[in-house]
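What follows is a set of notes on a single structure, which appears directly below.
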Amino acid sequence: MTWSIYLSGEIHSDWRERIVAGAEAAGLDVEFSAPVTHHEASDDCGAAILGAEADKVWHDRKGAQLNAIRTRTLLEQADIVVVRFGDKYRQWNAAFDAGYAAALGTPIIVLHPPEHGHALKEVDAAALAVAETPEQVVACLAYVVAGTLPGYTDRARAAE
Amino acid sequence: MTWSIYLSGEIHSDWRERIVAGAEAAGLDVEFSAPVTHHEASDDCGAAILGAEADKVWHDRKGAQLNAIRTRTLLEQADIVVVRFGDKYRQWNAAFDAGYAAALGTPIIVLHPPEHGHALKEVDAAALAVAETPEQVVACLAYVVAGTLPGYTDRARAAE
Amino acid sequence: MTWSIYLSGEIHSDWRERIVAGAEAAGLDVEFSAPVTHHEASDDCGAAILGAEADKVWHDRKGAQLNAIRTRTLLEQADIVVVRFGDKYRQWNAAFDAGYAAALGTPIIVLHPPEHGHALKEVDAAALAVAETPEQVVACLAYVVAGTLPGYTDRARAAE
Amino acid sequence: MTWSIYLSGEIHSDWRERIVAGAEAAGLDVEFSAPVTHHEASDDCGAAILGAEADKVWHDRKGAQLNAIRTRTLLEQADIVVVRFGDKYRQWNAAFDAGYAAALGTPIIVLHPPEHGHALKEVDAAALAVAETPEQVVACLAYVVAGTLPGYTDRARAAE
Amino acid sequence: MTWSIYLSGEIHSDWRERIVAGAEAAGLDVEFSAPVTHHEASDDCGAAILGAEADKVWHDRKGAQLNAIRTRTLLEQADIVVVRFGDKYRQWNAAFDAGYAAALGTPIIVLHPPEHGHALKEVDAAALAVAETPEQVVACLAYVVAGTLPGYTDRARAAE
Amino acid sequence: MTWSIYLSGEIHSDWRERIVAGAEAAGLDVEFSAPVTHHEASDDCGAAILGAEADKVWHDRKGAQLNAIRTRTLLEQADIVVVRFGDKYRQWNAAFDAGYAAALGTPIIVLHPPEHGHALKEVDAAALAVAETPEQVVACLAYVVAGTLPGYTDRARAAE
Amino acid sequence: MTWSIYLSGEIHSDWRERIVAGAEAAGLDVEFSAPVTHHEASDDCGAAILGAEADKVWHDRKGAQLNAIRTRTLLEQADIVVVRFGDKYRQWNAAFDAGYAAALGTPIIVLHPPEHGHALKEVDAAALAVAETPEQVVACLAYVVAGTLPGYTDRARAAE
Amino acid sequence: MTWSIYLSGEIHSDWRERIVAGAEAAGLDVEFSAPVTHHEASDDCGAAILGAEADKVWHDRKGAQLNAIRTRTLLEQADIVVVRFGDKYRQWNAAFDAGYAAALGTPIIVLHPPEHGHALKEVDAAALAVAETPEQVVACLAYVVAGTLPGYTDRARAAE
């Protein structure tokens, strides 16, 4: 089977690219999805397509709802949800996605710097893996999807 | 992934054709489905296949139930449901489909002239996007499915 | 058990009162719920509580969403949903509720004048009973809830 | 019916008390639930009961999981979830709860200062009401639960 | 807890009365429900309330649908479904109820004469108990609900 | 999409072959599934593979459970369930499958001779179409799957 | 609310009594349920009620299925499932119940001696709390249900 | 359709290989999945990827949770779950998987030596087939998936 991985959260660093590249290098049978990561497009999409709003609240609402069509659909179809919390911004939407995935029973991998551990303890407690680097996420995926663990499964194969 | 879009509602204008053509022109990875839009076939199908009825009520019942096999199956398998309200007819079946999709948690895009806004406020409140033209629906799909927003994502790409 | 009956739809006639009174007279073990039937309160509740809106669209949206907290909760907890279509207004929200109940698998009793039969054929086809008068709805409830059918179960009892 | 209201989020102000008091004053048929709001107990419960941990990560994990037994159970049984975002702290757990409730389809009322509107736009877009004060939440509950709206339903009654 | 037991199937013998009496004598905390067992009322209810039909097919349809409001609601709320197959009639509705309960995951107790074993093997295979007499059903309920088994739990108590 | 059709019920006539041949002739995008229709294999499979049983009851149980792995899986994955009742045998398993499909909300087409109408009224009331011949089932499928109705959609096409 | 706690697993020590007594002493609003803990009754119930079996396999099957009516119903209705693994016996049924609860999303508290930690690591990983003594389970319940934590919430109250 | 078969349980004998080889030899349309069967990798994966733990409990927890991402996903997507209990080890995780599958309603085939019958009676009672050898499992799959039963369906074909 091809595993569907949804990459939720922070959009200001290259963590998605590193995970995608790592998975490709490892030859994993996965397909990735994500929210629209173009920040301005994500903010303005609703008003740009469905009509401008004088009030910032409704400008935001229209955009957030249009994004929700994409994000909830992809999130609901994912086999694994990776949720990234970065240093900047409050990223309540990342935590929202984590809660959404938890309620669906979808396995969650959380990715955040260790110093956020206490503030994110409820999210971490709902996850099946807590990683600090995108490379750890790739290693998790390689183990979960392909059953490979460097230093173990490669030696075993050599020994056979 | 290929997104499944169910086009529910009014059958007396070319709104479906315009959405399908627009999505095709945009190269979107979508597949559309719809109820049988041949009005007379839709009315008479039950009696034509399963036997004539003297009473109009049962003539209608047989047809509506046979149509329901198609419409509910396609509606339940859709990733997005577009519901169109036109100027003529009461189109209770369009509102019925919207309620059905809402209970399933399927994202809804409503398409209607602005003057119906008040009468359709409960339906609009259950939708994630409210459009006035088929072209806006296509733009929504392009953003949701492919992440493209004219004036934003095309510039960004040019800038990279 | 106490049966929960949700009375959805038209708010401009006394059909709810007649059903409630009839059920009470029959001593049925039922409790009724309904949307807020005060028309102006229902329209303005969102803006009145959460802040006025310059744009009618958002005035309506706020109100419709606040009403949805009530209506969906009560509708989801109902054992039976009665949906009334009257002569005036398009009542798309009644059809929306019917679709919602149908997707939940909740039994539906539709109440409408016979002349709307063709326009409502999809809704009727999703219902388990189609009535023309509130008194018929009461008789349905008496049979379903208490197992009584005048001319049948009363005679049987007399005969025993 | 008695409505169950879960009060999620910020624990450093008296917003819960104000809502509970307001609902009581209004005579609403509601019962409230909440996470354990004693901050230190909430942090240390796991280690205090199930054994101390040398590593802060596991101290937090034990506590967060024990809290989850309470919070998810109450949240899943709630008819309405009120989620409060305050000025201090990142409150990712509040957003997590909102996502959890959204996936369950439970109606959400969000409570936050207007200046957080943009950062919370995804959460607001998943809510059916966005309030700024606990008193607005009480007014929402009064309307939703009891159908009362000052200036409307009281006048109507007077007029009848 | 009070256990809800739905008694489905044959309506021409006193098996329901024997189970209810036996459970009462045993002081079990159970409540029983059943379809309307008045044969003629069950056949004619739809037409009697909602209007006569010239065609027997629609006469039957109206009645069967009205009965379904009662039977499916009670069946879905049952903790245990007892399905009785008698000697007369084909009782496809009993098998239908058994399939319905099986799909819901509700425990089924089947009650039938041993000579129907082969014909009912698919139904029996979906049941958790297959009984031949109403008294065996009562004994099953006593064990399941109250944990009592004559010759075992009464002796144990005496020995303590 | 390819529609999955499960053909449940009677195994002593050629009704499955006629439906499959008719669908193939019509070029419908469907795939059919069915229980194992080899009568002796169906009866003996459990004992033949998992060990003989002295008692007929357990011989039947083993077989019925092994068959259930196949039938429930296919039935649960079907878009439409066709249930056939023939003249011979009681076919409680056909009614069981109909109840199972009804609880899943899967559209049902019932196929039986008109003289069984009264005995099957509960099953018919749960179906969306009631046919008398396999050819009618094929016509239903052609309309539902492909939207074609002889005398209607072919003329319309000619007229365009 | 009254919390329902299902006590699954080992039946050869007094751990259930200690939890029940502890919860009662703490005045917790809980109700406990459990499988039938009379060992011989649990083994023989099926054959004793429904007829003796020559073959031990079917003797066991009848009993296990009858017990399943009780255990699955209570387990499915529980808010929290406590699963106890003792020193003797393999107790596969305890692990089975844990897996069942995990699939339902019901919070699990596991109770076992620390030396079983490695063998039970998959079960522990699915639990929200891992306890070694019944008294720890009581303390967990007191915190979860009543929000009390000795040394924390009692001091806080004293300070107020 | 291609059937997905999840092979859960014991990892110290060649039972998986024998089933896979047998299914391949029989030309069955199946795909198999399994947990990572490399014992040391399975134990150490969490710590190896996400960081070493001083405490064995957390070493095990990290590993078990990472394995759970794989096992629950594959188990939930399986059409049939085969659960193997061997002679060594307690294999609580096999029983856990069986309970998980049972709650999902997925058909279970249990594979164990006959002497474990009594200890596994709850698991066997939740299964649709109980086998003693991998070859019996292959024969079950051949019958369920392809409808072939040696001595029956091959003769029938010869006779036609």
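Per-chain residue numbering starts at 1, and chain names A, B, C, D, E, F, G and H are given in the order in which the chains are listed.
We take it that contacts are C-beta pairs under 8 Å (C-beta built on N, C-alpha and C of every residue); 3 or more make two chains touch, one makes a residue touch a chain.
These figures come from a predicted structure and were not determined experimentally.
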| item | value |
| --- | --- |
| Matching chain pair for C-D (criterion: over half of the contact pairs shared, by residue number), options G-H, E-G or E-F | E-G |
| Longest centre-to-centre distance from subunit F, chain (CA-based) | D |
| From subunit B, the most remote chain by mean C-alpha position | G |
| Copies subunit C and subunit D - rotation angle from C-alpha fit, nearest 5 degrees | 90 |
| Whole-Å separation of chain centres (CA-atom averages), subunit C against subunit H | 49 |
| Computed distance of Cα centres, subunit H from subunit A, in Å | 30 |
| Distance from the mean Cα position of subunit F to that of subunit A, given in whole angstrom | 43 |
| Sequence positions of subunit C contacting 2 or more other chains | 65, 68 |
| Subunit G contact footprint on subunit E (complex, rising order) | 1, 3, 79-80, 107, 109, 128-131, 136, 139-140, 143-145, 147, 149-153, 156 |
| Touching residues on subunit E, where the partner in the complex is subunit C | 4, 31, 33, 36, 38, 40-41, 44-46, 48-51, 62, 65-66, 68-70, 72-73, 77 |
| Contact footprint of subunit E on subunit F as seen in their complex | 56-57, 60-61, 63-65, 67-68, 85, 89-104, 117-126 |
